[in-house]
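Below are structures written as structure tokens.
What follows is a pair of complexes built around chain A, which joins chain B in one and chain C in the other.
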Partner chain A sequence: MRKAFAPLVVVVAALFVSAPYFIAQAPYESTMGLIQKIMYFHVPSWIGMYTAILVCGIASAIYLFQNNTAADRYAVSAAELAVLFGLMGLVTGPLWGRKAWGVWWEWDVRLTSALLLELVFVGYLLVRKYGGPGSEKLAAATALFGFAVAPFVYKSVDIWRTVHPKTSVVPTLPRVMAGPLALTALAFVLLFLVLLTLRVRLAERQAVLDELYLADED
Partner chain B sequence: MGFRRMKASRIFRSAVVAIFLALLAAPAALAVQTAPPGQSEYVPIKDLPPTDQMPAAPLLIAAYAFVWVAVLVYLWTIWRRLGKVEAEMRELAQKTSRR
Partner chain C sequence: MFLRTAWLVLRKDFAIEARSWEVLTTTLFFATACVLVFAFAFVREGRAVEDAAAGILWIAIAFSGTLALGRTFERERYGETLRALLLAPAPRPALYVGKLLGMLALLGTAELFLVPMVAFLFQAALFSRPLLLAALLAGGTLGFCAVGTLFAAMLVRARSRDVLLPILLYPITIPVIIAGVRGTAALLAATPDEAAATMWIGILAAFDVVFVTLALWTFEPLMTE
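The block that comes next holds the complex of A and B.
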């Protein structure tokens, strides 16, 4: 991962620099017009969050069942990124909704469950920060809960009636719109990998520092 | 002195967490303020008052800008935390070499 880091940063930068051109080339949606172009950052934000939740859930399970501290470092890093990408989705969504629906927020199933999913991972970070000794295990269990809930949040638009578009909309996009969306989705997933690498590096250095403090006490 | 600084830092962190949670709750407050009243007849968009005819561009720019600002702020926090850890490591190494 370390060797691939510099090329990965270059690829992410290239994707984000070229993204505005392809987004500008994409046609306007018939009813929403310009505001619909928020989709090219809004949907990838959630893809980034779900990727982070996947990594956090798997790493938390490995930590819980195998007591692998390296996995725990990946879990805490991915949890932070889940909050970051979730926040992007929660901010860009209302900006789109204000124009498309006439309101910033609607307490429907998709929006509310997405907010709660974000709060689960905020809770994870708060437990890690203020939970004291042994809070890592409790946080890992919280992450597994978030991991289990995430598919319901994704499918909620298909199960319940909501103002939010269904999951079936994205596969029906014409190629001229699906192309830029795929490009920005890839950019966000690779951005997640870049940020994860940096955050895991920080967690590793913190672990080394903790060991040094322990050795110093002895 | 160290204790006072630690206490101030803890208060600062608690304040940051409180502000963050308040920001998450903001959409709820805004929803209460902006929920439109029930409409009884068709109103063409040109007849709406200018305050209700929201232009799309500022919202679009705000969405894209927020994503960029969020990434940059996050990168800055990683850089800051990493610097803090490295400084602490140097301090500890100096302390042990003095013994």
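The block that comes next holds the complex of A and C.
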């Protein structure tokens, strides 16, 4: 990942610079008009969060079963990013909902479960911060449970009648809308990779510093 | 060996509880207090708002369950007995199963008091479909306790464990509580919706399988220092 980092940053920057043009080119949705374009930000945010949860879950399992501290650094970095991307989704959702449904928040299965998924990962960060020594493993278990709940959140719109658009909306978009969405989704996933690399590097430096500090104390 | 260990852990917890009745009595009292507090919030002109009984029942179960989990493991921590249990040459998942069965028995007993109390105070027809209600309670309690036992056991060694248990437990078990509340509310409707209740029982069963499997799988590495 190290060697690919600089080109990756360039690609992400290019995608983010060009995205507004493609989003502006996409046609207006007939009933919602301009506000529907929040989708190009909202859906990729959640894709970014699910990617982060996937990475965090796998890394936590590796850490838990193989005691691999490198995996733990990936897990904590991914968890922070899951909270960040989730927050973007939770901010953009109500902005759209205010226009489309007339209310900021609807107590709907999808919205409620998405909020609690965000809370699981906020809980993860709280445990790591305030749990004291040994809380890394506790946090890893939290991440695994969050990972297990995530598919339920994703599928909830198909199981129950909710006001939130179903998962079938995205694959059936007309090509003029699907193109920009694919572009922004790619931009967010690559942005996640860039931020993950940076955050893992920071965690590695911290680990080295801690070791040096301990060696100096002895 | 596995079942025997689980049985021994369960019997040990029973023996301790039977001498003091500490956790059961405090849990029951707390559950009653919860019902009363929420009754003030959801009663208008002498009548409870629609679906309030289902919500209050499950909130009381979740809150008092958290308290019971905290107390049970605090007792283990105080006597340093969890460490002794972990030192025993027994399969770790069996210890988990033993503790889980103990929690289920405790919360199950609490529910035996709680359900009639809610039915009585809110004129809720909780006993019109006893089997479906029992299935909902069993599924919900198992899902809640499966996660709760694991996290309470892990938190024994952590700092600020009293705060962290609800912080971790509620977001993860909210799907289970939602399923319990919605299923119970379907049973309490003017015409009980058995199909909806059965669907929620199915969802609860799915969550139970996922949570118990994950807990059994992670208990061993989590409890290894």
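In this section, the second predicted complex is superposed on the first by the 218 of 218 C-alpha atoms of A that agree within 3 Å, B and C clash if a C-alpha of one lies under 4 Å from a C-alpha of the other, contacts with A are read in each partner's own complex, and residues count from 1 in each chain.
Operating definition for what follows: a contact is a pair of C-beta atoms (placed from the backbone, for glycine too) under 8 Å apart; a residue touches a chain by one contact, two chains touch by 3 or more.
Small disclaimer: the values here were computed from a predicted structure and weren't measured.
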Partners on chain A (chain B, chain C) - clash or fit: fit
Which superposed partner A:Leu119 touches (first chain B, second chain C, both, neither): both
Greater residue coverage of chain A in the superposed arrangement, chain B or chain C: B
For chain A as apex, the angle formed with chain B and chain C - C-alpha centres, to the nearest 10 degrees: 90
Partner chain(s) touched by A:Trp104 [first = chain B, second = chain C, both, neither]: first
Contacts of A:Leu198 with chain B and chain C, given as first, second, both or neither: first
First (chain B), second (chain C), both or neither touched by A:Ala148: second
Closest Cα approach, chain C to chain B, once both complexes are overlaid on chain A (Å): 12
Common interface positions of chain A, toward chain B and toward chain C: 119, 126
Chain A-facing residues of chain B, complex: 13, 17, 20-21, 24, 27-28, 30-31, 34-36, 54, 56-57, 59-60, 62-64, 66-67, 70-71, 74-75, 78, 81-82, 85-86, 88-89, 92-93, 95-96
Chain A contact footprint on chain C (complex, rising order): 147, 150-151, 154-155, 157-160, 163-164, 167-168, 170-172, 174-175, 178, 207, 210-211, 214, 218, 221-222, 225
Chain B-facing residues of chain A, complex: 33-35, 37-38, 41-42, 45, 84, 87-88, 90-92, 94-96, 98-99, 102-107, 115, 118-119, 122, 126, 129, 191, 195, 198-199, 201-202, 205-206, 208-209, 212-213, 216
Chain A residues touching chain C - in the complex, by the definition given at the top: 64-65, 109, 112-113, 116-117, 119-120, 123, 126-127, 130-132, 134-135, 137-138, 141-142, 144-146, 148-149, 152
